[in-house]
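Once you've had a glance at the structure underneath, I'll fire off some questions.
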Amino acid sequence: MDYSVILEQIFEEVQEYFGKGKVANYIPALSKINPKKLGISICTVKGKEFSIGDAEEAFSIQSISKVISLTIAMQLEGNRIWSRVGREPSGTKFNSLIQLEYENGIPRNPFINAGAIVITDIISTPNKDTKIELLQFIQNIINNENLQFDMEVAKSEKDTGYRNAALANFLKSFNNLNNKVEDVLNTYYHQCSIHLNCKELSQLFLYLANGGKTLSGHKIISLRQAKRINSLMLTCGLYDAVGDFAYRVGLPAKSGVGGGIISTIPGELCISVWSPELNRYGNSLVGTKVLELFTTYTGLSIF
Amino acid sequence: MDYSVILEQIFEEVQEYFGKGKVANYIPALSKINPKKLGISICTVKGKEFSIGDAEEAFSIQSISKVISLTIAMQLEGNRIWSRVGREPSGTKFNSLIQLEYENGIPRNPFINAGAIVITDIISTPNKDTKIELLQFIQNIINNENLQFDMEVAKSEKDTGYRNAALANFLKSFNNLNNKVEDVLNTYYHQCSIHLNCKELSQLFLYLANGGKTLSGHKIISLRQAKRINSLMLTCGLYDAVGDFAYRVGLPAKSGVGGGIISTIPGELCISVWSPELNRYGNSLVGTKVLELFTTYTGLSIF
Amino acid sequence: MDYSVILEQIFEEVQEYFGKGKVANYIPALSKINPKKLGISICTVKGKEFSIGDAEEAFSIQSISKVISLTIAMQLEGNRIWSRVGREPSGTKFNSLIQLEYENGIPRNPFINAGAIVITDIISTPNKDTKIELLQFIQNIINNENLQFDMEVAKSEKDTGYRNAALANFLKSFNNLNNKVEDVLNTYYHQCSIHLNCKELSQLFLYLANGGKTLSGHKIISLRQAKRINSLMLTCGLYDAVGDFAYRVGLPAKSGVGGGIISTIPGELCISVWSPELNRYGNSLVGTKVLELFTTYTGLSIF
Amino acid sequence: MDYSVILEQIFEEVQEYFGKGKVANYIPALSKINPKKLGISICTVKGKEFSIGDAEEAFSIQSISKVISLTIAMQLEGNRIWSRVGREPSGTKFNSLIQLEYENGIPRNPFINAGAIVITDIISTPNKDTKIELLQFIQNIINNENLQFDMEVAKSEKDTGYRNAALANFLKSFNNLNNKVEDVLNTYYHQCSIHLNCKELSQLFLYLANGGKTLSGHKIISLRQAKRINSLMLTCGLYDAVGDFAYRVGLPAKSGVGGGIISTIPGELCISVWSPELNRYGNSLVGTKVLELFTTYTGLSIF
């Protein structure tokens, strides 16, 4: 199927939604982004690619990186990770300490900040540089030799990251962090600061739509694990708005406060969208609308 | 596809799980059930049916009835219902008053008790007998002339239903109940007491897998609405275990404390299973296992 | 000591605070009160009485009645009551269901609504009219033959009391209510509807300042029990504002949404004040100011 | 009055309670204490002193130090401190992050850990060594030239203090910490590590019973401020057990996990007790019993 026409129509139709959200402003590097950016990119399991707008401009992937670290943790530890983090929707704000206190330091899922910090701890080992391993994971799939961290973003995150520091120390107080608080947070801030564009993101996460394999057939995880990451994204991938997103869009997805969203249609394609203005749940406002129109016009949906 | 062999294999394989759960015992009528019961029934969109075990023995559908009342509410009010009930996973026990207090009387979703009571209020109007309308909705689809309420169950529910009475009064205190507390609860207890068997349930809920239409082509709701009920079941249909169920089974589903679960594979089939022993989340233990094996052996899954 | 001059000075000084609070408006009978009312009355353990303003105009005592029912419960059951209700400040709104859910149906203290409903249940027995016993308890101390319930208030409370009905049903679901929900609530609404004036209240509750004895020497409770009710009033008597009140006023006290507050200085006196406008915590705004000035000017305080 | 005989009687009577509590074990330095220790010391406003048992053996005062830092903060900032910390009982565990999240970073009172950390921040300024100022405050009152911090305890607190680090970072994320997280925590751990004995504690805190003045007549705070600290101790001084303690003992008090409790009878005396075994609320078990018997036998109580 040729998605070019549909992408053009959606691109035009969502223009009216600009100005209705707010760019993330908790760190300078994010707040300076031009709010009018919009990129969309599709990569199908057949290897076709369709892009429009700012699809080749890299942005801070932020929480989308949690899918990468979760994938690596599943490669390393398989189902053992579930003794340290849950698989249930949180029902509360994405950085809530309340749930963590009631549930004795076991975060509800790998996509809230507390859960992602535990996952980063799981993939960290004393004798290697975990940050670099994350970059290599990406480079092995998408062939971008210049890939690196945005040091300014990573530093800003660290300087303002008191809530994440609170979460990490709280996890440590429940013995759910093996490495040093500072080290885990350092890796975590770096992973959030990675810059990628929509084309790269669709290529990168195609394995989730392709039974665990990259476009070139390289096995990243098993079919079963790919399905499970998709199910986790559907039930936990959009913070407090998972139900609303599932209701409107009906696809597994993961968003970041940089304005990016990646979404999969298992067996078909991976679609990435980027637009910096966020809705009140912290998800890209225009990006959400793009995906809603995409499932409406194509009839594609997992339901 | 012929599911007979797979059902036989699953039926045999799950025998070892009997005795590991507990039959619901909060009302006598439920606690007297033989815990060894197991029925499975499939109805495909092509009209093929496959059953095994106690698939023709009726049981108390309990919370599965919430899908019926939600469907009727969507027929009557469409998207207007979402001003009175949310669409997000609850993250807390299915009858929690805490969330209701923090969110000013708007239940998180239509499948927790508070939300289902609001839905029952929405479909109630002063001049008709809502209980009877519920029965007629079912009879219009499955042709069971003897269908009726289990008066013993309804009475037991009422006699022990202090927590539901607390929820209904609490909703009323937030002006989120239009009808009288007693009347809404009376309808609610009756709807939970309906008895159906697995075959009937698969025929009844086939419209969720069939674009909103019954097997005979009668339109119950729109394709879009059917997709949305499926997404609500996936994100909110299994109480506190939605994430775990989505992870293991990967299908939209709704369970009841009577031991029944209905589940849909959009575009393919509706499968119902009944086994009274419950796991710690209040979902049928053997039934959950049946569905997990079903998606494993068939490779069917929405992810 | 002659408190006449001090009362006059305070009376004048607090005039500027009228208009800064809001009269309770959840039932018509309360909302119709003239907000400018102000009565103050002191009864000392020596038998001296001092009054000013509207001290002889009866008003709805509302939650002040919780001290009466608690006293009767202590007479009947002594320390056994503490298995069914706690003695700790609630830390949350006075009618919160959240705490009740986390603590399995044991209300934090006898002065939040849930705790007072349990206390009313404790003093209720099938074969007597508890409402009447409450009136007789009062009449035995203050000699008011015309004392009766305000039927309009009691009915209004019942008609709008969905949150109290939620609390009572919730308590019943935890097996912390022995009598019928309707019966306990009926007694509870009647006890809240009792009308007394400031002079009567100071005479009535003098036993708390007088080692458990009335002015005429009749023993109501033991010295130890009187001290304990005083300590409960100090730590739990003013809803969410106990700390602030203890900080400003420094006396045991119990307020009601009718605008009344009773307060004791152990060994010295009981002081009652009435002014209908409430502050944001639901306590009389002018009444609180009166008591703050009273302890400032007299130097009396338990600290 | 001569309290010698009463202290002897109480000392004997409480022997049976040893072995029923548990010594704090979260840091090695505390867990090594001999659990059989018991010291009691009284200092009256007339300058009489009465002691028994291990009253001259110094121990880690832990949270009792929160009264010292609060006193200094009131000296420096007066009522301005209440914009950054509340005055209400917490209703939850003493190190809870939940309340902090719901109340946007304003701790409920100065005696829970979060509130004490804010108070430590208030008394910290960049150009002085706040630790040393705390020691000097004490030395100015009690004349102990050898007073110093227990470096082992301070280091242990820091090494295991992930929950306090979580609290401090969380406060910082709400902009309720002006100084660096590390610096405030460092001062906080040192203040908790101060060692004093019962005699010294009763002399030190006599100003709370003596209208703000030391025994030698030196003014520490105003009469009004002394009353207010007493009221704060009564409503917030014993973690989750304030109501129970007020009910049993009826005195303002502050406890520490080292097993110490200081308590005041305004206008009369200050009493200190030390016994390391804690009850389930984290207060000295034998110490609480001592104070309960003391008010019972002397008839002294603020109620």
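Residue numbering begins at 1 within each chain, and the chains themselves are lettered A, B, C and D in the order written.
By our rule, a residue touches a chain if its C-beta (ideal position, glycine included) is under 8 Å from a C-beta of that chain, and two chains touch if they have at least 3 such contacts.
Since we're looking at a predicted model, the values are computed, not measured.
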item	value
Partner chains shared by chain A and chain B (touch criterion as defined above)	none
Longest centre-to-centre distance from chain B, chain (CA-based)	D
Length of the line joining the C-alpha centres of chain B and chain D, rounded to whole Å	55
Centre-of-Cα separation between chain C and chain B, whole angstrom	47
Inter-chain centre distance, chain C versus chain D - centres from mean C-alpha coordinates, in Å	32
Two or more partner chains touched - positions in chain B	none
Chain pairs that touch, as defined at the top of this document	A-B, A-D, B-C, C-D
Touching residues (chain side chain C, partner chain B) in the complex	96-98, 100-102, 162-163, 165-167, 169-170, 172-173, 181
Complex contact set, residues of chain C against chain D	86-92, 99, 108-109, 226-228, 230-232, 234-236, 240-244, 246-247, 250, 252, 266, 301-303
